[in-house]
Each structure stands twice: as structure tokens, then as C-alpha cells.
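Encoded as C-alpha cells, the structure appears first; notes follow it.
A, B, C, D, E and F label the chains in the order they appear, each numbered from 1.
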Amino acid sequence: MKRVDLILSERELDSVIKAIDAAGAPGYSVMKHVTGKGPHGSVSEAMDFSGLGANAHVIIFCEASILAKLREGIQPLLDYYGGVAYVSEAEPL
Amino acid sequence: MKRVDLILSERELDSVIKAIDAAGAPGYSVMKHVTGKGPHGSVSEAMDFSGLGANAHVIIFCEASILAKLREGIQPLLDYYGGVAYVSEAEPL
Amino acid sequence: MKRVDLILSERELDSVIKAIDAAGAPGYSVMKHVTGKGPHGSVSEAMDFSGLGANAHVIIFCEASILAKLREGIQPLLDYYGGVAYVSEAEPL
Amino acid sequence: METSLVLQNLLTPPVLFFFLGVIAVVVGSDLEIPAPLPKLFSLYLLLAIGFKGGLELAHSGLGGQVLPTIAAAVAMSLAVPLYSFLALKLKFDSFNAAAIAATYGSISAVTFITAQSFLETQKITYDGFMVAALALMESPAIIVGLLLVKLAAPQQQQRPDAKGMRWGSVLNEAFLNSSVFLLVGSLVIGVLVSAYSPASAEKMLPFTDKLFYGALSFFLLDMGIVAAQRLNDLRRAGTFLIAFSVLMPLFNAVVGALIARGLQLSPGNGLLFVVLCASASYIAVPAAMRMTVPEANPSLYISSALGVTFPFNIIVGIPLYMALVNKLLPAAG
Amino acid sequence: METSLVLQNLLTPPVLFFFLGVIAVVVGSDLEIPAPLPKLFSLYLLLAIGFKGGLELAHSGLGGQVLPTIAAAVAMSLAVPLYSFLALKLKFDSFNAAAIAATYGSISAVTFITAQSFLETQKITYDGFMVAALALMESPAIIVGLLLVKLAAPQQQQRPDAKGMRWGSVLNEAFLNSSVFLLVGSLVIGVLVSAYSPASAEKMLPFTDKLFYGALSFFLLDMGIVAAQRLNDLRRAGTFLIAFSVLMPLFNAVVGALIARGLQLSPGNGLLFVVLCASASYIAVPAAMRMTVPEANPSLYISSALGVTFPFNIIVGIPLYMALVNKLLPAAG
Amino acid sequence: METSLVLQNLLTPPVLFFFLGVIAVVVGSDLEIPAPLPKLFSLYLLLAIGFKGGLELAHSGLGGQVLPTIAAAVAMSLAVPLYSFLALKLKFDSFNAAAIAATYGSISAVTFITAQSFLETQKITYDGFMVAALALMESPAIIVGLLLVKLAAPQQQQRPDAKGMRWGSVLNEAFLNSSVFLLVGSLVIGVLVSAYSPASAEKMLPFTDKLFYGALSFFLLDMGIVAAQRLNDLRRAGTFLIAFSVLMPLFNAVVGALIARGLQLSPGNGLLFVVLCASASYIAVPAAMRMTVPEANPSLYISSALGVTFPFNIIVGIPLYMALVNKLLPAAG
């Protein structure tokens, strides 16, 4: 099986979750309040009071067969808005 | 070495940590406030005020030799209460 | 590509981030409020009010070529202050 | 008259802020009160209501109507889950029926507080010992719920962590869960301080008393958001549960009002007694049930208590029960 | 006289705590107010200012200067982004120019509140309907900003999620974002409660009124920290943007003062009107722009509004505008 | 008489809520106050105590006993870690001995505040300048602790990040750590506001003054939980450290009371002086030590200061020291 890690702005979280559901993933987990740095600069929690939010980390465990559909739904979002997506191997415990 | 990722309700966290300790893992890390979706439906933080809590993400780096004992302690909990457990390869930096 | 996971006290986070930047990593993500247990004992959030903080989990996706420099900057910090660092394989989605 | 009472209740800040939260969800605003801020308010409300109740209890003592009223309250928290269970078994399995039944046997502190505020704006007095009734009604229903599971549920799959159903941990969950513990603890502190350090009791009031109404309104804004988010779950739960969530409180209210009449409670105490009977727990009991009856579906018992019964009670229930009390209780003439 | 007003403003707790936050960053203290605590204060301030404004609006009604003033306020929130855009296009692309322009067309509730507190310490009266102006000036600039992008921006790359620029979601973001929604909602609640339940309005005051000044000071401590952290970004943004962030508020203040004179506002209302014109949004608009104009660089519009204009306004702007109002408005004689 | 004072202290809300927190842990309730809510209260208490102290300091000025008292306080914060270190070296290595010693040289703001509240319920006056003494006693002990490490510790392993022991960063940690910075900053703001804007000082009081006692009680509920969680660590730390955590405060209290007598302090100021000497830091110093002496085991210095000395002081210490002060200080008759 596969493990997909997405890190992106909380702002796009709803769109990404829609794409994950649409791809038929069996589930996902979300951690908010992630800060970091990437090609678009630094992200902190300092503006949290204004509703701007920080980043979110999404983890998806799924069959390899789902990856293509996931990529199709998510990659355009990451290309346009920023964020990263990586896949690695994972076996059920 | 191995990396184990567990995602489960905060409610079972204490039982899971006992199982991890009992399996002889050299350590573990816990992130709370994880939301997500799985076969049992969606989990949000909306009921946090009532003490219901959300999910927790537990990471364990350990030798492969520990996996069997970990599985023995944790798998019954996940089967009964829900949650996921995956293993992948990881080498010390 | 590689995925590096660091878990260490929030106290050393600034030093570690400097080392990551110095190693030329293309980015990183940070999750705070991580609790856990390791060779140096348990870490909780109970003393958060005093500014002591808990642990942080840092994720870096980077080329294998960066690992050596990362190790050089980070390993001494982990040796002295505690914390763990593991590397695994990861491919872009 | 009921209509005017309904309006008088509707147009107070707590109820209006509850509506504002509901509207936020309905129109799709991104308004949210992020965790753990709602927890701050819920801890505060329990601490303040307990402390103030303790101060008043110290004055009123345990004589007169106090002990009979408390005994009747505890009896109701044992009886309600029993007959609720029978009704719920028509549609649900034993796990879900028991969990929902326990929810309705226990009480909602926020509904109680909102009723107190209603009485205050109506200038109707009530007594501090009702908070003791509130505190003592939280736990028994949890025990009854678990007994029902033990007795009526199909031979259970063995729990992987023995903990789940051991009686020690069940009693712990029932009597020491954070909401019961903080409420009872603050009540006891209120009694002690009132007796031995009245000057320091005075110094607590700006925090526990003056701020209370505003903090309640703020918390109800969040409750409105959370309750409205439950509406989807409800549709899935079906009309039986929705009907139960309105009819059972009404039935309990009538039973409660008759008991209050028997106890010759004042109109203020009578309303609070009725509200205790008619309200359902969405703080203590869900947390306890998820721990001890994981087989039940939380979205059923949370959505019915928080998504239907709670809004029903604070919007139309309280003034309706007031009218009922005014009719049934002699003192209200 | 201006100097003495500046000093009188400077030496009040809100402004001094803002400074303390700035100093913390400058000297390298690890003082921080962790999320989501600042959100608690920002929600509180919006709720309280809205509620209090509503109470007062219910008294003043919509007659006299009320509607003309509100109309003028909305007109300014439409005009400011238009001429700001023209100025900003000298240096920035259409995305960034539109986002910054929208920021300056909208308002800063905290600057407004600080100006109210200034008036109170100066014992100058003002009216509750100005809060309605505040509430109604938040959204229009967001719409104008997006129209500017639509019209002036180069043919856009197709958004991957259609959502971004559909008008429904833009209007949603403009009128239902959490800060506008909570402010307007609390205002309406204030009006309703004042009319139908004055006793319960009274019970809100310890929370919404008495606590307000202290909570504002605490929040400004955090704003000082956040504003100072922006100073680095600013250096990168260049002198054009820094100059714009000081000169545009001054220009808007003069325009605002002339309009206030035309409307024959009292000095207190006049100052608030000027402050609305001169302030820039760092709560509602940045959140909206990041959602709807992701092509713009947030560090530009946040840093200019929060790192320059906001400190400028609360430190020297408010007393300066007061002096201006005193000169231009007849009633101030 | 001591017994009656102990009881009078015991039966106040702050101490009772502390007990409630301890009991929650002991009986296994799941009561917890999740991060970052306790931080809200600790920031609030520092801000409020500093601000109120500043207001009072502005009235009393720096004449009379003020400077001698402050000088004596600073001297104690230098002396206590020196003799504590000698005692601790009997059992601990230099790193741990220095870190624990620094903890006892510094002070606990919450203990100080609880002592003030005790005085107020006893109707005994005290002066605002004692808050200045509090503020100035936090840092010196941190410096002494680090000097002790430098001088007495075995040739240290080279720190991987030079930062650790460079003097710049040590001084930064000692004088600019968030708790010292906020306390001193609020004190200065209090002085300025009192002098130049008394009307605005008035407007702060509902927040900084009226709410204070309740907020302290709420915070102590959390402190009770955290302190009780430390009890396990303590058992491992051994009887030497437990004995030290009770005997060293008692010894420091006697020394402090003699100095207070020499300074001819009033009973109220005398008690506060003694409490400063007898208390140990669990906010500023642990954070500083973990940063600058990572070789020391935090569970030792946190558990002794927070798990033993703090409860000892607020439960029996304060009334005991009061009795001592009443015996030794002439003015107390």
C-alpha cells in the first residue's frame, strides 16, 4: 500500500479534501497548525487571529491504484496555490 | 529500522501507549488534535469542549523485531475501536 | 527523493531550522505541541504555561544529496540535547 | 401568554447568540471558535455555577424542601433512562438505545443556566440548592445506561482492553468525569468559603457572577455553530429519533412538573426542576458513553441531545415549561 | 497642541501595551501569545463593539445624520480602493495592486476601537451609529478589489478549483467572512435586545463594557508583537510601499475630514469617520484576498496594513486626525 | 494562632481550587485545562500584577523604605542560590545543584499574589513597591546559577550550538524572558499611566483588578493538577530533595524576616518580603535553565519548586510566615 503526505495552506484544505474523497481514498487524517517554509516563503501562525490560518498536513493511506486519481485532483491545486505532495511505501502493521 | 504510524481516537490513547511500552519500543511521539475520516465516519474537533477529543497520531521508530509484539498489543484495539496502523522503512539520519 | 523526520524539543527548534536552511533544503514543515517518550524520559504539555514547551516534529522533503549536510548540522544537536532523526524514501505524487 | 414568554426568552443575548451561531453555519460563514477556546468557557461556566450554587446552598442549608427535592431529582435521573430505553428499543439496538437513554436521564448544565438567566430577567427567584440537584443528576443516568448494556445487550465481543467495562472504571467515568468533578468541587468550595471566608467569597463575584451572562452568551454562540453542524447527521438518523428528541423532553417536563407540584416547589425552583428532567446531556454523558459503550454510534446520541433537544429547550422549551409550571404550581397562582 | 494630544494618546494602556509588544520583538524577548488566544480577544472585541453599537443605535435610531453618514462611509469604501489602485499600479502588478487597494478601502476595527477609547479619555462624545458605518465599510472594498482583478489583470490562468472567482463565493467571502458576520450579527442582537429586553442588555455590560478596555490592551500587546515581526518583510517591500502606507491614510484622512465637515458631524463622530477612512484592514481583507486573489503576495498587503498603517494610526494618526477635525469641524470651534 | 491563620488561608478560593486540582489527579478524574489556556491566565496574572504594582509605585515613589527594600531583595536573590548550591552539592552534580539553586534564589509570582490576597482578606495593607522587588528578584538568580555552572561544573563538552553559553544569550534569557519582560513592562506602563493618564488607569481596573481573584483561583486549579502530576517524579528524586524543598524555604523565610525587621517593614510588606525569599521559581527559571543548562534534569528542579515548595508555601507557608512576621516585626505588636 501507499502513504501520501500533503502539506499545503489551510485555505485550500476543503478543495483538497473534496479531491481526496473524489479519488475514492478509504480515509485521511488532517493536522492543522503546521508552519514551515517552501518556495513561496515562510508560513507562521502569527495571523491566526485574522482567520488566515497556517498550513495543514494531510496523510492518506491507500492502494496504489488510487494514486493516479489523487494526483489528477490534487496536483493542479498544488501547482496553482503551492504546497507539496509525496508518496512512500507503507504496509499494514 | 521501522517506522510505525498509528492514527486512532484520543480516547484509546492511554491503552495504546501502554501497549507500546509493553512491546518494548524505545520511544514514541504523539500528536493530538488530528481530524479525519475513515470507515467509521468523520472526526472533528467540534466536541472538544465536552472532553470527547479528536484523533491522535502516534509515531514509533523501532527495530523490526518489535513489530510482532506491537501488532499483538495494538491490533485488537484498532479492530475493536477503529483506527489505522502502517509500517514503513526508515533509517537513522 | 528523501523524507527526513526530526523529533526534538521545541527549545532547539531555532537551532535546527538554522541547520536545515544552512544545508540548503528546499523547505520544511513544523508541527509543535508534540508529546512523547524517549531515552531522556517523558515530555508533556503540562508546563506549557511557563514557556517550557513540548517537542516539535519537523518534516523535510529533499534530494539525497542534501542528507550529508543535514546530518552534519543536526546530528550534534540531537546527540547533545536529545531527539531522533530518521530518513525514508519518498517520491513526488 | 406562552407566546409572549417565548418572545421574551428569544430576545435575550444568550438565545440570540445561539441563533447567530446557527445562522453562521446555515449561510456558510467561516465563523468558528477554535479549540480549546470553547473548553475555556465550558470550564468557566461549570466552575462559576458550582461556586455560586455553593454560596447559596450554605445559606439555605439542607432543611425544608432541599433533601426531598434532591432525592426526587436523583430518582428522575434513574427513571428517565429506564423508560426512554424501552421507547428507544423500538428502533435501535441495545447499545444505541442505552446510550441515548442515558443522555436523556442526565442533564444539560447550559440549559439549566439559561433557565436561571430566564428567571432572572423575569425577576422570579430560585434557590441555590437546585445546583446541588443539577450536580447529583449527572452521574446516575450514566450508571443506568451501562447496566442496561450489561443486561440487555447481546453477549458482547470481548473488549481488547479489559478496562472498558470494569466497574471501577465505569464508576470513575460516572462520578469523576471532569464536568461532574468540577461542578461538585466548585459547589463544595462555595459552601466552605461562604461559611469560613465570606470576605473572599465577595472577591470572587466579579469573576463568577458579573461576567457570567456575557460568557454564557459567548459560549452559546459556539453551541449554535456546533448544533447546526449536527443537522446533517440528524437527517440520516431519521424521524423517529428527531421525534423522540422533542417528545421525550416534553413528557419528562410534564412528569417533572407534577413532581414539583407534589414537592410544593416555588415557581422558580419548579422551572429549574422541570428543566433538569427535560434536558439531555451533551457534555458528561457523550464523553462517558464513547469510553464505555464504544459500540454505540456517537452521532446518534450527540446529535439528538445537542442538535434537537438543546435548541428546542433553550428556544421554546424554557418558556413553555414556565407556562406549565405557572399552571400546575399553586404558589404561581 | 497636536504634540500634547499625541502624548495623551501615547500614554494610555492600549498604546503602551502595543509598544511593549514591539519592544519585545526588537530586543529579542521570547514573549508570545500563542494561537488561538489572540483569536479569543479578536472575537471578543468584535462581539463587544457590535453589541454596544447596537444598543446605542437602538437609542439614536436611523434619523438625522445617521443614513447620510453611513452612505458616505460606504461611498468612501468604494472610492478609496479605486484611487489607491491607480497609485499602486505605478509599482505593482494588477493582482498586488488590487489586493493592497482593497485593504485600504476597508477598515480596521481595532483602530476604530482605539479611537473610541481615545475619545473617552478625552471626554468627547460620539454616537453608536458609527459602529454601523464601521460594519458596512468592511465588505464593499473586497468587492471592488475583486472587480479590479477581473478587469485589469492579465488573462488569468484557469483556477484549478472553479470556486476561486465564482461570484457566489466572492460575495460570500465579502459579506459572510467571520469578522463581518460577527460584527453585524452582534450589532443586530444589540438593537433587538435594547428594544425588547433592556434588563438583559444590562446584564451583558460587565462582559462587553467593563472588560473592554483591558481586553483591548491585552490584544494590542499581541498586535505589537505581530506588527514588529512584519518589519523585516517591509524592508524587502521597498520604500514605495512604506511611503504609500503612511501617505494614503493621511490623504484619506483629509478627504474624510472634509466629508465629515460637509455632513456636519460632531467632533467625536468626525474623528471616527476620519479613522474609518484612514485605516486599513488586516483582519477581514487579508483573509478574503488570500482566498480570492492567491496570485497576490500576502506579505505585501499584510505588512503595509499591519506593519505600518496600523501603528502609524494608533500612535500618531488618531491625535493628528483629532487636531484636523478640531480645525475643520465647526462644532469643535 | 498559627492554626487559625492556616485555616483562614486554607479556606479561601485560591487555595481550595489548588486542592481541587490536586484531588482531581489523586482520584483519577480526567479534569484538565488544555494548553494554551493556562498560558492565558499566567500572562494575565503577570500583566495585572505588574500594572497594579506600577500604579501604586507611582503613588509611593522611590523614597523611604523603597530603595533599601529593593536592594535587600536583590541581595537575597544573589545570596540564596550561593548557599543553596553548597547544600545541594552534597547530593547532586554541579549542573543539577546550580539549576536547583537558581530556582530557589528566584521567586514565584503566584505565591506572591496568593500572599497579597491573603493580606487583603486579613485586611492588612502592603505597598506597591513590593511588586518592583518581585520583578527585580527574578533575574539575578538566573545569572548566579549560570556562573556556578561555569565555575564549578566539570570541563564541559563543547555545545554544538555555540549559543548555549554565550553571555549575550544568557543575559537575554535572564532579563528578557517572557515572564520578567511582561512583569517589568507592565510595571513601567502602570507607572506611566498613573502619572500621565489617570482616567485611563481607571478604565483598566475592571480587567486588572476586579477579575484578578477569580482568575488566580482558576489558574491555581491548573497548578494543583500540574503539581500533583509531579508527585511521582518526586518519589524518584528522593528524600534529600524533598527535605530541601521544605527546609530551604523555611530557612530563607527566617533570614528574610530578620532582614524585614532590620528594614522596619510594615507587617504586610514584611510578609511579602519573606514570601519572596521563601518561594522558588517554576516559570522563569525552569525555562531559562532548560535553555542554558540542558545538562541538568528538569524533573528535579521543576518537581521540587512546583511539586513541594509551591504547595507548601501557599497552604501552610504563608500563614506560618505571617505568624513569624507578627512575632519579629515591632509594628505588628
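Assume a residue touches a chain if its C-beta (ideal position, glycine included) is under 8 Å from a C-beta of that chain, and two chains touch if they have at least 3 such contacts.
Computed from a predicted structure; not experimentally measured.
Chemist: Which chains sit in contact with both members of the pair subunit D and subunit F?
Modeler: Chains that touch both subunit D and subunit F, as defined above, are E.
Chemist: Under the document's definition of touching, what chains do subunit B and subunit C have as common neighbours?
Modeler: For subunit B paired with subunit C, the chains in contact with each are A, in label order.
Chemist: Note whether the interface between subunit D and subunit E is symmetric in residue numbering, meaning over half of all numbers used appear on both sides, and answer same or different.
Modeler: Counting shared over all numbers used gives less than one half: different.
Chemist: Let me spell it out: compute each chain's centre from its C-alpha atoms, then which one is farthest from subunit F's centre?
Modeler: A
Chemist: In angstrom, rounded to a whole number, how far apart do the mean CA points of subunit C and subunit F lie?
Modeler: 34
Chemist: Please report how many Å separate the Cα centroid of subunit A from that of subunit B, as a whole number.
Modeler: 20
Chemist: Taking each chain's centre as the mean of its CA atoms, how far is subunit A from subunit F in angstrom?
Modeler: 45
Chemist: Among the residues of subunit F, pick out those that touch two or more other chains and give their numbers.
Modeler: Each of 30, 34-36, 39-40, 177-178, 206, 210-211 in subunit F touches at least two other chains.
Chemist: Listing for subunit C: what residues touch at least two other chains?
Modeler: Subunit C, residues with two or more chain partners: 31, 33, 51, 88-89.
Chemist: Of all possible chain pairs, which ones touch?
Modeler: Pairwise, the chains that meet the contact rule are A-B, A-C, A-E, B-C, B-D, C-F, D-E, D-F, E-F.
Chemist: Under the definition above, what is the set of subunit C residues touching subunit F in their complex?
Modeler: 9, 11-12, 15, 33, 41, 44-52, 76-77, 79-81
Chemist: For a test of understanding, state which residues of subunit D touch subunit E in their complex under the given definition.
Modeler: Against subunit E, subunit D makes touches at 7-8, 11-13, 16-17, 20, 23-24, 27-37, 40, 117, 120-121, 206, 210-211, 213-215, 217-218, 221.
Chemist: Sort out for me which residues of subunit A touch subunit B in the complex.
Modeler: Against subunit B, subunit A makes touches at 1, 3, 21, 26-33, 59, 61, 88-93.
Chemist: Inside the complex, what are the residues of subunit E that reach subunit D?
Modeler: Answer in residue numbers: 36, 39-40, 43-44, 47, 51, 172, 176-178, 181-182, 185-186, 189, 192-193, 196-197, 199-201, 203-204, 206-208, 210-211.
Chemist: Quick one: which bits of subunit F touch subunit C in the complex? Just the residue numbers, please.
Modeler: 34-36, 38-39, 41-42, 157, 159-161, 163, 177-179, 222, 225-226, 229, 282-284, 286-287, 290-291, 294, 298-299, 302
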